[in-house]
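Order as written gives the chain letters A, B, C and D; numbering starts at 1 within each chain.
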């Protein structure tokens, strides 16, 4: 791994902006995300609930979409201008990727957007224009649940991380903060954390059956909120929704808790990673079988954490992208099947 | 100051049990205590709201009573048995203190109780039998506001602390944990922290115009809840209700925040004092003018904190006990008038 | 289970006072307890290091004793007076328990003490007189490591909990706060939490191979210190010393972390349980197989947590008390062997 | 105020990188910054101590320089490349600002750097090349004091904020996150928070006698560290070093504590502001006399906080830049002189 790749100058992707999760029961999902976790409802339609976090000034950072089966509707990245959308459309065309324009309002609170199926197989949206809504950051009396501040990142399970990283780094201009290599000779890239905004990641890619959305991560303000999240879920009878943690990641240094929503979609609550204002930040290398990599305190992740992930919608939204087997082992040697 | 006085064996006072505060507008008070601070409503009648905290299994630890003017309705201490009430009645009679029995249910959720006007001039209730209600300690999803755990103590402003301390120590069997002396020669007792349960205090006496209730203190689980309390109040437009703090007391070591409810009654949110399982704990002496005494970090309390306090109801409940001037200075030399 | 047993009036046990752990390498143990966990060294001799916590005013609350093998040297309870020692000696004699007097200074910083072998097989010391040393509670700049405040409790693994509980409740006057029953018909007592000071326990008894010391628990001031403990250990290369947690107990409500010292002795870091000022507190019943009992968030304890515990010294100190098998299953059905 | 100014493409300033503070007694200053606050010493020379924070991989983020009088030695901003230095040198020449090149190693651990006297009168250094040192972020066992993570910002007191803002925004490409206006008609810019990295600020300008360094801000990981800082200072006898706070800023939303080092230089400990990944973030307007602006909880800052600040070294380093009076009132109407 060399230093972080210089940023493309053709377009400027700002950050992971929102995620659309498919759920089979909107009310049940709303209870989980709003009543327990403390997301704020901005707007709802017959088949969608648009949620935001306490630091957000955008209309939404999470969409719950009614569907026959759970899974990922789409991932969205915000870009710096409308011109960036045009440049990204050129890129998609040049790469012969499925692409279409969404008219303003197709997604509530959002202007014109570009939807593509990326080379990894994921439905990805790029947008710039978005409706500004009141930010609740200092409305402390309205904080509920786990005090979710903002969307932080998505984690994608893919059969070939090196191929996926090429797209994100070389075509989209993401920089690497940390990465995991196998213990092969020579080592092979097993997972990578990539960012556009100035913290550890907007997107991570990990080796596994895919394409699947492993999880979407939301940022909390401090570790005590992570503990509070576990307490709230257990108190409300949702202890079975706690899949892993609370713990401290070796990678990213973050305090974390992994949850499964009532449809099985995985959410990470995440805090205390670090700032990366320098493009020449030297990426941190981890070995796949270093037990401190996943949980610095040495706890092994459960097998379900490797086995299970969300299918991703096809470009037409009518089905799910077929799964392929990974090109190398999908977990450390100390985690069972 | 010698070591803590041995406990009387005639009766066994367990703890400060609850306080009745008079408020002029029940709904406004309920908003403050329930919606902002997070107290739980157990029951309400036409003129009273009975509140409890998250660790409580008793029916109530705070009563809001509708009245024409704010002030203290009564303080209540719980005793270990009904026989203790009889013994306390004997004591009141021997001391020629006003005393009467309250029949079960006179106060909702409470059995027979003894009400006296104590030698300091305060309306004090002793009770044993109380209705048990569901404890919400592990219903973490129901926690609201500042996560108030239990009533901790009352602080009483009296003209003559030595006289008041004699009643509490010698007649009622309270032990001293910490005390403040003037810089006179010889030093005079300026304030005293007295306890029956095993932490720093159930009651504190401080020199000042009195008898007045200076504040009632409620226990939070950790310092982050103290910060959260200040945030919630400021967010809701109640910044003016924050009178002092957040800070760290020298005395008691507690993290604190002093609030004024919409009627001006003073409440302390309090955490991180220490445990005193040993009756021979050596009381800690402080000098009145030591700036670390009140706030260990050196901040001076505002003059209002010394000037203002709640009048206390007369024994018939019809009026307020007249105020007398203190027998010595009512504040440190570094605090103005 | 009925309500808490009334306290004996013949003697007054105040609290769990200290524990002597045997370690094979004093320097290595000192690194663990002082450099990492933040205990304070009061005094050391050729074969013992006397440690205390930040809230302590007693000479020591933990003794590390050099020995050929790890294990429990003794448990010590503090009593309210010298007369209580005499009364306890009478009790030991009446029960024909091995008992002897330790002369003042036999244990550094301690006056005359009574050592017995209790009916459960444990070496137990009772003491009153102890050297007072400077309390570091407000010397915040001297806090190190995990900010250990005080010893909280011991947890004892015994073959027959009901028999052990009879001794502690009926002979020594401990009260029950919480207990665990098997799912037999009728249910059988599987574990019990017993206290003299006013929180959840000074001693817990749990069913298992014994007599063995399962762990000694130390009190931290807030949950962030529990997380910090895990970070410190992992940072220093001691991740393997973290056996279980951080987590939230159902029983006791405490946040916890279980550690194994370099000799394998088990230590619990513990905070956020609750206060019990009322002798009629109604003991809380748990079912052995309720997954929230051990960790409210649903995590199962590792098998090692049930399998492994410290042998206890014989009365002459020359050997270890032989182990007996438990009279019923030693773990919940969801924990493997 | 319009939206944030687009970033200059001629050079790329990354962040506030370090600050050199002048102190009259190096050992006394080291005790304050290293022993109490927990900075890490990277290197020292006869007249300088180079310190870094726990998240730093750069050689230093704070320099203590021995001098006859306290004050600011220089502020340093890191740029993305050596070419940026050349472009900045062109800018300085075009503006006829004093400028000189510092050879590699002139400042320990640093490559070639550009030093200028900026139009506001401050000695400012730009650098790119810097020695990489071990980052201690996950060496949790080495954390001391208040767990200082990184330098966050400088706050500069200047007579004419609008003029200063023009330099930072228009010439250097900083973006505005928040600002304060007077209550004049039309309102005048009283203070401004400007950033290059993606949080609230790298530099703030406030109206007052100047040019003076008001304070340098360091980032902590969570609010409990702010409380711990106050405790540590008070415990060590440095309560008088606590000038203001702990509190919550309205502007920036940060939890803060302002300290004065033994020479009177002011340091802010700072945490819990927010992320700004979007260049079109809409700057937040505050009114000078809004009491929640400075401390959201309503506390007024002390007069010293407006009156006192550090003189700044002249370009030749031999003296201090003369002070000029501000062009408007230097404090809110509710703060006295």
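In this section, a contact is a pair of C-beta atoms (placed from the backbone, for glycine too) under 8 Å apart; a residue touches a chain by one contact, two chains touch by 3 or more.
All values derive from a computational prediction rather than experimental measurement.
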{"item": "Pair with more cross-chain C-beta pairs in contact, given B-D and C-D", "value": "B-D"}
{"item": "Chain whose mean Cα position lies farthest from subunit A", "value": "B"}
{"item": "Chain centre separation in whole Å, for subunit C relative to subunit B (CA means)", "value": "34"}
{"item": "Inter-chain centre distance, subunit B versus subunit D - centres from mean C-alpha coordinates, in Å", "value": "44"}
{"item": "Rounded Å distance, subunit C centre to subunit D centre (Cα mean)", "value": "50"}
{"item": "Sites on subunit A at which at least two other chains make contact", "value": "138, 222-224, 231, 233-234, 296"}
{"item": "Residues of subunit D that touch subunit A when the two form their complex", "value": "14-15, 55, 57, 78, 80, 132, 137-138, 149-150, 196-199, 221-224, 250, 253, 272, 274-275, 277-282, 296"}
{"item": "Contact set on subunit B toward subunit D in their complex", "value": "223-224, 227, 230-231, 233-234, 239-240, 242, 246, 248, 255, 291-292, 296-299"}
{"item": "Residue numbers on subunit A that touch subunit B, as the complex places them", "value": "36, 138-143, 222, 224, 228, 231-236"}
